Amino acid sequence: MTMISSAPAAPVLELRGISKAFTGVQALNGVSLNLFPGEVHTLMGQNGAGKSTLIKVLTGVYAPDHGQILLAGQAIQPQSTLDAQNHGISTVYQEVNLCPNLSVAENIFIGRYPRKLGRIDWPTMTRQATALLERMQIRIDVTLPLAHYPLAIQQMVAISRSLLVSAKVLILDEPTSSLDEKEVDLLFSVLRGLREQGMAILFVTHFLDQTYAISDRITVMRNGEREGEYLAADLSRVELVNKMVGAQVATEAAAPLAAAVAAEPSRRQSFLRAVGLSRKGALLPMDLDIHKGELLGLAGLLGSGRTEAARLLFGADRADGGTIAIDGKEQSFASPRDAIAAGIGFCSEDRKHEGAILELSVRENLILALQARMGIMRAIPLKRQQQLAEEYVKALGIKTASIETPIGSLSGGNQQKVLLARWLVTDPKLLILDEPTRGIDVRAKQEIMDYVSALCRNGMSILFISSELPEVLRVSDRVVVMRDRKAGGEYPRGALDETTVLHVIAAGDENA
Amino acid sequence: MKFTSSPYFTSLITVFLLVVLLGAGGAAYPGFLSVQVLFNLLIDNAFLLVIAVGMSFVILSGGIDLSVGSVLALTTMICAWMLQTWHWPPLLVIAVALVLGTVFGAAMGALIHYFKLQPFIVTLAGMFLARGLCYLISINSITIDDPFFVAMSQTQLPIGDCFLSPGALIALATLAAAIYVAHCTPFGRAIYAVGGNEQSALMMGLRVARTKVLIYAFSGFCAALAGVLFSFYMLSGYGLHAQGTELDAIAAVVIGGTLLSGGYGYVAGALTGVLVLGSIQTLIAFDGTLSSWWTKIVIGGLLFVFCVVQRVMTMRGNKK
Amino acid sequence: AKPLVIGFSQVGAESEWRTANTVSIKDAAKKEGVTLKFADAQQKQENQVKAIRSFIAQRVDVIAFSPVVESGWDTVLLEAKRARIPVILTDRAVKVSDPSLYVSFLGSDFVEEGRRAGNWLVERQKKTPDAVLNIVELQGTVGSAPALDRKKGFEEAIAGNAKLKVIRSQTGDFTRAKGKEVMEAFLKAEGKKINVLYAHNDDMAIGAIQAIEEAGLKPGKDIIIISIDGVKGAFEAMIAGKLNVTVECNPLLGPQLMQIAKDVVAGKAVPKRVVTQESVFPAEVAAKEFPNRKY
Amino acid sequence: MRMHKLLHHPLFRPLAALAILLLIDLVMVPGFFHLEIKDGHLYGSLIDIANRAAPLILAAIGMTLVIATRGIDISVGATVAISGTVAAMLIGGTMVMQNGVPEYVANTPMWLALAAALGAALLCGAWNGALVAGLGLQPIVATLILMVAGRGLAQLFTDGQIITVYYKPFFFLGSGYLFGLPFSLYIVAAVFIVTALLLRRTALGLFIQSVGINPVAARLAGLKTAVLIFFVYVFCSACAGVAGLMITSNIKSADANNAGLLLELDAILAVTLGGTSLAGGKFSLAGSVIGALIIQTLTYTIYSIGLPPEVNMVVKSVVVFLVCVSQSSEFKNMWRRSVRGNA
């Protein structure tokens, strides 16, 4: 830890008694926060604690009901993001807010283009954008549209964009939710550099490791209120979790999962067997065998093709080659419907674009897949819908004003839980979870994984994709490591630790 | 989300299909492929091109402007009225007309943005209003005999042994300026950003409000400019001028490869779109045997073939 | 010899009258062995200009067209003149700075039609000299030439008569549906006060007749109905006693047009203005005239 | 609290706009609300408005579903012309005297003619649906094709002539009365109720909204998005087809040149006035019905007040502006602020 954190100068940014209510929810209640120059200040709290809302109030997206925002001692009332930017506050929001149709370079530079003779200097922009991303070790064609790239890249682009402004305050709302360790390390080294230059950084994450790796100071929020502010060095992990949750609970260092123990090799009949599955430009021929009642982990770096593999298995994209057999019977999936009919569910990593139907209620979002499977004519009675919704809201601890609230007004983590529930209600035989714990707080993550493991024990197969290697290793019965858009190796539980996997990923072929 | 439709590719296909269309016309009808006939395409559709340029901006931003045809008519009416009744100098008349059109567009843009109203409905009401205002000025058509307008109308700028009209040149200049604005200025890029995702554009700190108002102001300006060109073209002001032109302009823009949902496409596509529509009409005129209803059916049919081929080729191209 | 080539630009196909006009011209061309280049403008002046330009590019022998509107033809007609292609107007006139831009105008006079309708009513009023007759008017499409002129002519004709008063005037867009709709509203608003209906075309009158019947009144008796065009439907209505008079507007211009075109090309002098044969058909002659109607 | 709820109901503002229009009529048009019994049925301005609005309401109901899926159908007017023409041509009809009693004979049995007309409309819808859902053309261009060509087809059938129908029973559809009320109202009510039930009792409503809000997510959740989109275009054309029959029956003739001209614009206007967003998603069927009634009442008011036809358009546009602005939530906020400011 640097010394700056313990010798507070005057705060650059000071929030006093901020309150904000939406219809039915008091999202923030008298929250105060001090942000000092040259520190990384982490905001922690369970899903729906009010972190994102606080950031939105701070950056002029929402107007606070009460409270004051002071920038260098001066009261400010930012009216818009632009306004906040002009005050020197640069922000990366939780949901990636970029324009999918513009090129990567433009997304970084829009609003502050390099100019030549009054017009936009495209070559310079391309050059600078390439260089900027290269600093993050991302080598891509920056002239292609953003939509061309997966979510993780988009997130890095959003971060790069925020770094470009010469700001006094940098705010990052869960920037690491779909990044893997390598990217996170890179990001952190950049952040440390900025900290040295005296920038104040407000950071939101659900990862305890990351919190301790980077923060000087931690503010914990609970139920829209500030629980307390601590120096990172003074607060143990267990204490932190307890403060977030507001009760004494076990932490993620909990005992090894019961599910894995229960999974006996004798029950291992194949449920889905893919042979030579491939798609041009996305996935090289790959074999995959998923057993009944098994939790199969799919590990790999960003862009290693895990999402592509999942989409092909689900029929979301059409495979160019290869076969898929379910229970030994060969099937071809022309659309997700076919896969669903075969008992497969798929929870996408991109909840904003591929998951949530934002204006519909929690209940409607939750029953959508089930209803789709039952067909249009056999509407699920309202009573039953409500019952299901209530049940899963409770089971997954979804924080929502009511089951009729539009899903768009839930916090990010809670939206994710609803989408998970959407597939759980259909009771699939195989559930493909692509980054299901993205943006979910520590406690909920554990609860969800426990829940999922319990389902496994009852015979459901799960394909689990996550950028968090420890999590994959912890819960999976078997892990397939992907590299360069193909399967690099397959390992039974226990035969694998983090270093081996990293080794496989790094070295690849020799190990496979 | 996968990147499914490359606007660049679509635009190229459109140009290719246009060439095929012209070639087919040339093969079928003698004299069709003369340079003057091609120039006539520009002369006769100059006003449509200008409107389509403004419409491109609007559609790229994810909006739509139905008022352009009526604003065009209103402009011809205002020009005619000021020239014939008040005898104002022609350049002043043109300036006033352009300012009025711009203000009209900006007002609609402001309503759309500040009251969060739907562009379709606001500009539909704008369409009724502008058309209605024409009738309030006069329900008759007013002939323009101002020497400047007559000169603009009848001047033939010789190119080889063919000619272009000043209006066609003005339209081409407008197109060039718009392409420059769209691709080389922050305002132009902001249009694309708003069309891609308005919410994100706002979160990225773009001046969405200003951009949107400016877009509709620009469309209003283009409609008024088209009105001035139309006044040159017809030498009259009339409330029934250019009925349904908004649909032609939208069709031209969309055929040119721009997506109505906003954010994807090129302003230059407006030119291809306009030329496609113009060629279809010229083909029909050269054929000269179609009855009124067959004219409609053939226009629809050619439009169909064109859109389907364009679409199928785009899908094929993206698979590769 | 090479057959004569005529380029003809029609307004559109917005009414039965127009269709009859088109058919007449096409049939006449076929009969005379003339090659007709027909272009439909879908009611748009700019399309007519485009069509005329393409006729010039195709070097036709004669250009003929029914202008959508009277102004705005100078430029393109000048081009035709420079290309030495004679132009004949049909059905509607144009306003041009230089009358030599066209050789002849063949067609009806909308103002005169309106005047005839008005004169018929003035005569009719003489039968009941004391009664005030309240008139409702169904106009054509706002701003269109026939609507403007038929209104003007009618107003001229009844101007001197204080007993004839237009109490309502609204557009019915020349269609049956609108004519009926507007008449319904008139009947509710004015009720029994309405004595006369003047419709700018037969279609609106036919729609209005239905509205009057549905209101429990007798068209042609409780309300005097005057309309213009003289299409078949109007004659049927007159025979049924539901329409009092229709002023003919003759669409059968084909044979005359072909004659003028041939004369022009042959270098003969042609009259600048050829008025078509048109009459007024009151209900009394309807039954006798009906078998002669072609459209 | 209940008052508050009422004021915030999404239908409140369209209804208020309608009420204000009627209020203007009450003041400006004497006898506007007067209803009498004539020939055994109700007769008066209100009945006229409802009767005239019937085709528009039908078109608006169909359009609502299309718009809810983020689409648009500008071929409604052409479909009206086609269905009306087909029916009129098949029925035609003459009167013959049999034993001194007039008998009306149709060229084709009426049920067959009606079925053929609806069949033609369904074909139109299938065509649109195939272009939009199958080929993925943008809805406005896809339906533009039929908008242009469809009217041409109708004119081709009739040779550009107005086809008059002489077969009396056919008139019942558009100008008949049942229990004192226009028969067209029963048709509209039936279509409305069936549609509303279909949306409520089946998952159709949920699916249409999902597809309209986020088609990608809807497909991944297992919806047959293409089939759904195809269906709404067919449904929209079917509604337009019935509207076409109604219009034809009402004026006892089919006018391929003018029937349903610009009906699509009015239908879209009705849908938006009713509070449905053109961006797709949430929709209100009842709102669209009210929107259609607003438009028809406005038109009728202009006729009744005796405004000169030159100002029709200006008045219409001003009313649309006012209704839209007053419905926007931004206006509500401004209003609230100014009320609070004064208090």
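Residue numbering begins at 1 within each chain, and the chains themselves are lettered A, B, C and D in the order written.
Here is the rule we go by: a residue touches a chain if its C-beta (ideal position, glycine included) is under 8 Å from a C-beta of that chain, and two chains touch if they have at least 3 such contacts.
For reference, the UniProt names are A = ATP-binding cassette domain-containing protein; B = Sugar ABC transporter permease YjfF; D = ABC transporter permease.
Being a predicted model, the structure only gives us computed values, none of them experimental.
Following the contact convention of this document, A, C is the list of chains adjacent to both chain B and chain D (ABC transporter permease). With centres defined by CA atoms alone, the chain at the far end from chain C is A. Taking the mean of the C-alpha atoms as each chain's centre, chain A and chain C sit 72 Å apart. Taking each chain's centre as the average of its CA atoms, chain A and chain B sit 44 Å apart. With each centre defined as the average position of its C-alpha atoms, the distance from chain B to chain C rounds to 33 Å.
Counting partner chains per residue, chain D (ABC transporter permease) shows two or more touched chains at residues 155, 160, 216, 310, 312.
For chain C, residues touching at least two other chains, in rising order: 13, 19, 22, 142. The set of chain B residues that touch two or more partner chains comprises 1, 135, 139, 291-293, 295-296. Interchain contacts (touch definition given at top) occur between A-B, A-D, B-C, B-D, C-D.
Interface of chain D (ABC transporter permease) with chain B (complex): residues 74, 131, 135-142, 144-156, 160, 216, 265, 268-269, 272-273, 277-279, 310-318, 320-321, 324-325, 328-331.
Interface residues of chain D (ABC transporter permease) facing chain C in the complex, by the touch rule stated above, are 29, 31-32, 38-39, 43-45, 48, 52, 155, 159-162, 164, 175, 247, 250-253, 255, 257-259, 261, 299-300, 303-304, 306, 308-310, 312.
The residues of chain D (ABC transporter permease) lying in touch with chain A in their complex are 201-204, 206-207, 209-210, 213-214, 216-224, 281-282. Those residues of chain C that touch chain D (ABC transporter permease) in the complex are listed here as 13-16, 18-19, 22, 139, 142, 168-171, 173-177, 180-182, 184-186, 188-189, 191, 203, 206-207, 210, 214-216, 233.
Within the complex formed with chain B, the chain C residues making contact are 7, 10, 12-13, 19, 22, 36-40, 42-47, 49-51, 53-55, 57-59, 68-72, 74-75, 78, 95, 97, 141-144, 148.
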